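The block underneath contains the structure these notes are about, expressed in structure tokens.
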Amino acid sequence: MDPIILFFLLGLIAALLRSELRLPPAIYEFLSVLLLLTIGLKGGVELATQPMSTLLPQMVAVIVMGFVLPLLSFPLLLKLGRFKRADAASLAAHYGSVSVGTFAVAVAYLGHQQIEYESHMPLFVVLLEVPAIIVGIILAKGITRETNWKALAHETFLGKSIVLLLGGLLIGWAVGPSGVEPLSGLFFNTFKGVLALFLLEMGLITAQHVSSLRKYGIPLILFGLGLPLASACIGALLGNLLGLSVGGTTVLATLAASASYIAVPAAIRTAVPEANPALSLAASLGITFPFNVLVGIPLYHRLALQISGTPL
Amino acid sequence: MSDKKQPKLVVIITESVIETTLLTDLEVLGVKGFTISDVRGRGHRGTRAGEWGIDGNIRIEIVCGESLSDQILAFLEQKYYDNYAMITYCSDVSVIRPEKFLG
Amino acid sequence: MSDKKQPKLVVIITESVIETTLLTDLEVLGVKGFTISDVRGRGHRGTRAGEWGIDGNIRIEIVCGESLSDQILAFLEQKYYDNYAMITYCSDVSVIRPEKFLG
Amino acid sequence: MSDKKQPKLVVIITESVIETTLLTDLEVLGVKGFTISDVRGRGHRGTRAGEWGIDGNIRIEIVCGESLSDQILAFLEQKYYDNYAMITYCSDVSVIRPEKFLG
Amino acid sequence: MDPIILFFLLGLIAALLRSELRLPPAIYEFLSVLLLLTIGLKGGVELATQPMSTLLPQMVAVIVMGFVLPLLSFPLLLKLGRFKRADAASLAAHYGSVSVGTFAVAVAYLGHQQIEYESHMPLFVVLLEVPAIIVGIILAKGITRETNWKALAHETFLGKSIVLLLGGLLIGWAVGPSGVEPLSGLFFNTFKGVLALFLLEMGLITAQHVSSLRKYGIPLILFGLGLPLASACIGALLGNLLGLSVGGTTVLATLAASASYIAVPAAIRTAVPEANPALSLAASLGITFPFNVLVGIPLYHRLALQISGTPL
Amino acid sequence: MDPIILFFLLGLIAALLRSELRLPPAIYEFLSVLLLLTIGLKGGVELATQPMSTLLPQMVAVIVMGFVLPLLSFPLLLKLGRFKRADAASLAAHYGSVSVGTFAVAVAYLGHQQIEYESHMPLFVVLLEVPAIIVGIILAKGITRETNWKALAHETFLGKSIVLLLGGLLIGWAVGPSGVEPLSGLFFNTFKGVLALFLLEMGLITAQHVSSLRKYGIPLILFGLGLPLASACIGALLGNLLGLSVGGTTVLATLAASASYIAVPAAIRTAVPEANPALSLAASLGITFPFNVLVGIPLYHRLALQISGTPL
């Protein structure tokens, strides 16, 4: 088993046993800054080496998926889940966007299993982060004359994680592989260790949200498991359609299945104050993140194999 | 500003995610000075442990005149109380150089 | 809870190592809300610079009704004062939505 | 020290760069206990966001007797107010074990 | 001279000269998390490669030492030192347990001198951390019907440093050398540098405790020097008995001689509130830590040579 | 373009667009501790390998420059700039001393352009940090019977950055290249990445000071550009005089041109309270730092080439 998963379990178990283990918030920030920049830089470097003509159609398709996913889940959440409009929109935004931590675990999983994948995947992370936020906010508030587009753009494009991902991407793209090389000591060589520590912390955080699940009942748990599974199928189909490898399809399915817990909560909290942030985080962190990390990713890999017609 | 004489300390404890918006609002109300610390806590909206992301609280303290303090409290109650984790309290303080606060 | 009307602010400054125990005790006493900040300081038990390990202090503030505040103070004095670095103080505050604190 | 009876809370908010000097001065004045937190804020001397270097504020709170509190305020106004970002305020508090503060 | 010692001296001197140098608490936490996890991982990896039949007897013997050391020092502290019961028990716990920082310096010393040692030593760190805490608490409180065993177990086994050491150990053991390899960029390659920064901080902290020594007088200083020396002899004899190499014997002597300043203070503070924490930290940090780091370790090395019969 | 410059721009632009991106102060501290120690260690190692007879004359000349620069700029600031005495002295101290961040960027620039330079340059950083502080304080206060020399020495020699630079230097010098080698995993291999993050943060900080420039008007901007240019000429001439290579001359010119924003502000704030710290930081961080990093260093390189007579 990949050791990073064990770090996640260590954090989870320590917190469930009420250990005093806790990392200072500044360390959590530091680790996530490193993760975001590294993923951005990696994506940018790939961008620099690939012809735009191959990338552009994929990019467009992925962005479209980012807009469509929340539009599909919103009515389900509203009607089937009987969530309030603001909460349904918020959940749709969380699940339509992506979790960078889950992405990193998927990539580590493929590396550990020595499965190849298209190296421009980080680009998709960046592309998928934003559209669902926009859709979610519009679903909650509707488009009226008073819609403050400027504030909307600010909240979606200038959040911390987008700036770091996009910034890393642009820098990587501008300087290319050789330019990024001198930075590898901090960003690439320590990546797996940084991810391990990050997952240790995620385990600690997840435990708190697991215990808040009780309050929200079965429907939330069902959505927390059902939405990622359904989205993973859409992601896997799209990956196959775009001609991605099995590894690439696995990553795209994982991205579709993952739910944001950094960028989206912050943006929705200011833009849609009526939505209950505890509800969406209970789903995203208490159910979907551990599910994806522990069970989902290998599942999406099998799904990708099946869809691609590769014999298992 | 010709504020009533008794200087007040207004303390606001709320979600750190709204810091920027809240400070802009306070400025519009006429708040010239404030002090912020990063805190954590528990209340009606559950525990906010401040360990990551949007989970933290801030504590804003403002020394000001009585009428401004009333305005702040009324404004906060109307704009933020329904949707955000927030408490406020207020007490009498004495200051040196009151013109620093009442102006 | 039918607490006397004057809302009180209770501030407890003590060793961070007892945070978990203390919060459990406060919950049992009926404290529903509190705010914590990480601080450092000096007192009868020397300097607590908060630079590492068990060397730090926390500052807990609780807005509550008068009778609960009395109970808290009596309890802390009896259970913690002899063995831990701790001070407490108490003052009158005014609040909006007092039902948030007195309930 | 035979200080007047009403315990006071003195709060000083100022630049963190003078922490060492200020604490030495306070000790000379007779301050035995204090609590410090790292804060940020805005005032007449602009925004002090506390993000790096000398850009941060500290908040010192001192529980003490009335005459010491007067002395502190007078001293600070005379020595620091003209050249440093600083505010102070003062309020009445009630304490248990007053001998911890008035001695 | 090993540069890490110089980092310790830099911190010590800077603080004694009242420099403004100070590291933020979050950095101290980060460094100690890295140290604890790295040492745990290293130990676990070794565990994975060695037959249990060799390890088990050593493990039992070391655990027994962990229980015996505080039982030996307690009466001395009580009678000779005339410390209060709670303080004697607390000191016995501190000195019976171990200091991870001292261990790391000992290992760095051996590496620097190119002396071989058994690579499963980190396992002993984990084993020695807990027993003395249990003994100390029982010595202070006695065993009565009211003994809250659950709280006792919680305080001893769920403290931060145990969780990280033990967690690292289990992860290292589960994934083995090849599994841990991708983590080496953060955990192993930076280890010496992390230790250097940690010792810089320890120098700063030690200085404060050195200056508090005056308050407690000569007896504390004598115990702060005498206890480690006596314990080192016991540790060295045991190492020889177990057939450890000279390097391994040096490490075991150092572990016996070292006094805890992380796990034990936290556990004793909650479990034995009557004990004065400033007293035990003055001894452990103000005397024993600097003594071991600057003078003790080379001494214990000579001791190990002598006991093993190797000509000096 | 060197990617570290892009990190600076990323921070600058993010802050100017009012993004929520912000790094916790503890991270800023951590990064600057790493930078200072690494630069110190590098300088010390070089010191260990070079004969004192070559170094000593250079060292004396550089120290003299450190005393002369603020003496030259002070009357200009007072008369031409019409600054108050305390502010003129403070600005003279800031510009007479050096910025470690700017130095690191210059070194990265030369590395990126594969230009050789004398490897004992970090020694000059250490030597240039202090003299201007002393001169500045004396210029502001005058020398009277009441001059508290002890406090002055404390403020100048025991500030955080001096202790770390000097400490690193002494350690590097004491243990030499082979002794420092085991520390390279943390200090040297991650250096470029640490510098990149540091510059990201500097971009965020700079943006705040850029926007405070308006308050102080044109004269400050002129001095913020003129002083570095004039000082760079002096530095370049001295470099040439001392027989430094083109790379070394570039670094010395950059050091002369750079303005302190860590050590000097802290020392001056306590020693010269009447000086307005916002004024000197607006100049040093709002103008000179970005100017040097973005435009100055390549310019000083051309200057060094010209002075050395190398055809461009």
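Letters A, B, C, D, E and F mark the chains as written, and numbering starts fresh at 1 in each.
In this section, contacts are C-beta pairs under 8 Å (C-beta built on N, C-alpha and C of every residue); 3 or more make two chains touch, one makes a residue touch a chain.
Owing to the predicted nature of the structure, the values given are computational and were not obtained by experimental measurement.
Asks: Kindly list the shared contact partners of subunit A and subunit E, in label order.
Replies: Intersection of subunit A and subunit E contact lists gives F.
Asks: What's the fewest number of moves from subunit D to subunit E, given that each move must go to a chain touching the current one?
Replies: 2
Asks: Treat each pair of touching chains as one step and give the shortest count from subunit B to subunit E.
Replies: 2
Asks: Name whichever of E-F and C-E has more C-beta pairs touching across its two chains.
Replies: Between C-E and E-F, the larger count of C-beta pairs in contact belongs to E-F.
Asks: Could you work out which chain's C-alpha centre is the most distant one from the centre of subunit E?
Replies: Checked the centroid distances; the maximum from subunit E is B.
Asks: Report same or different for the subunit A and subunit F interface, where same means the shared residue numbers exceed half of all residue numbers found there.
Replies: Under half shared, hence different.
Asks: Among all other chains, pick the one whose mean CA position is farthest from the mean CA position of subunit D.
Replies: A
Asks: Which whole number of Å gives the spacing of the CA centres of subunit B and subunit D?
Replies: Chain centres of subunit B and subunit D, defined by C-alpha means, are spaced 21 Å apart.
Asks: What whole-number Å value describes the gap between the mean CA coordinates of subunit C and subunit F?
Replies: Here the centre of subunit F sits 47 Å away from the centre of subunit C.
Asks: Could you work out how far the Cα centre of subunit B sits from that of subunit F, in whole Å?
Replies: For subunit B versus subunit F, the centre distance works out to 40 Å.
Asks: Please list all residues of subunit D that touch 2 or more other chains.
Replies: Answer for subunit D, listing residues that touch two or more other chains: 37, 91.
Asks: Indicate the residues of subunit F shared as contacts by at least two other chains.
Replies: In subunit F, 20, 22-26, 30, 189-190, 266 touch at least two other chains.
Asks: Would you mind giving me the full set of chain pairs in touch?
Replies: A-B, A-E, A-F, B-C, B-D, C-D, C-E, D-F, E-F
Asks: Help me check something: in the complex, which residues belonging to subunit B touch subunit C?
Replies: Touching subunit C from subunit B are residues 13, 37-44, 57, 59, 73, 76-77, 81, 87-91.
Asks: Which subunit C residues qualify as touching subunit E in the complex?
Replies: Residues 15, 17-18, 21, 45-47, 49-54, 56, 83-84.
Asks: Which residues of subunit F touch subunit D in their complex?
Replies: Within the complex, subunit F contacts subunit D at residues 22-23, 25, 28, 201, 204-205, 208, 212, 261-262, 265-266, 269-270, 273-274, 277-278.
Asks: Would you pull the subunit E residues touching subunit A in the complex into a rising list?
Replies: Interface residues on the subunit E side: 24-26, 29-30, 33, 37, 154, 158-160, 163-164, 167, 170-171, 174-175, 179-180, 182-187, 189-190, 266.
Asks: In their complex, what parts of subunit A are in touch with subunit E?
Replies: The contact residues of subunit A facing subunit E are 1-3, 6-7, 10, 14, 17-27, 30, 111, 188-194, 196-197.
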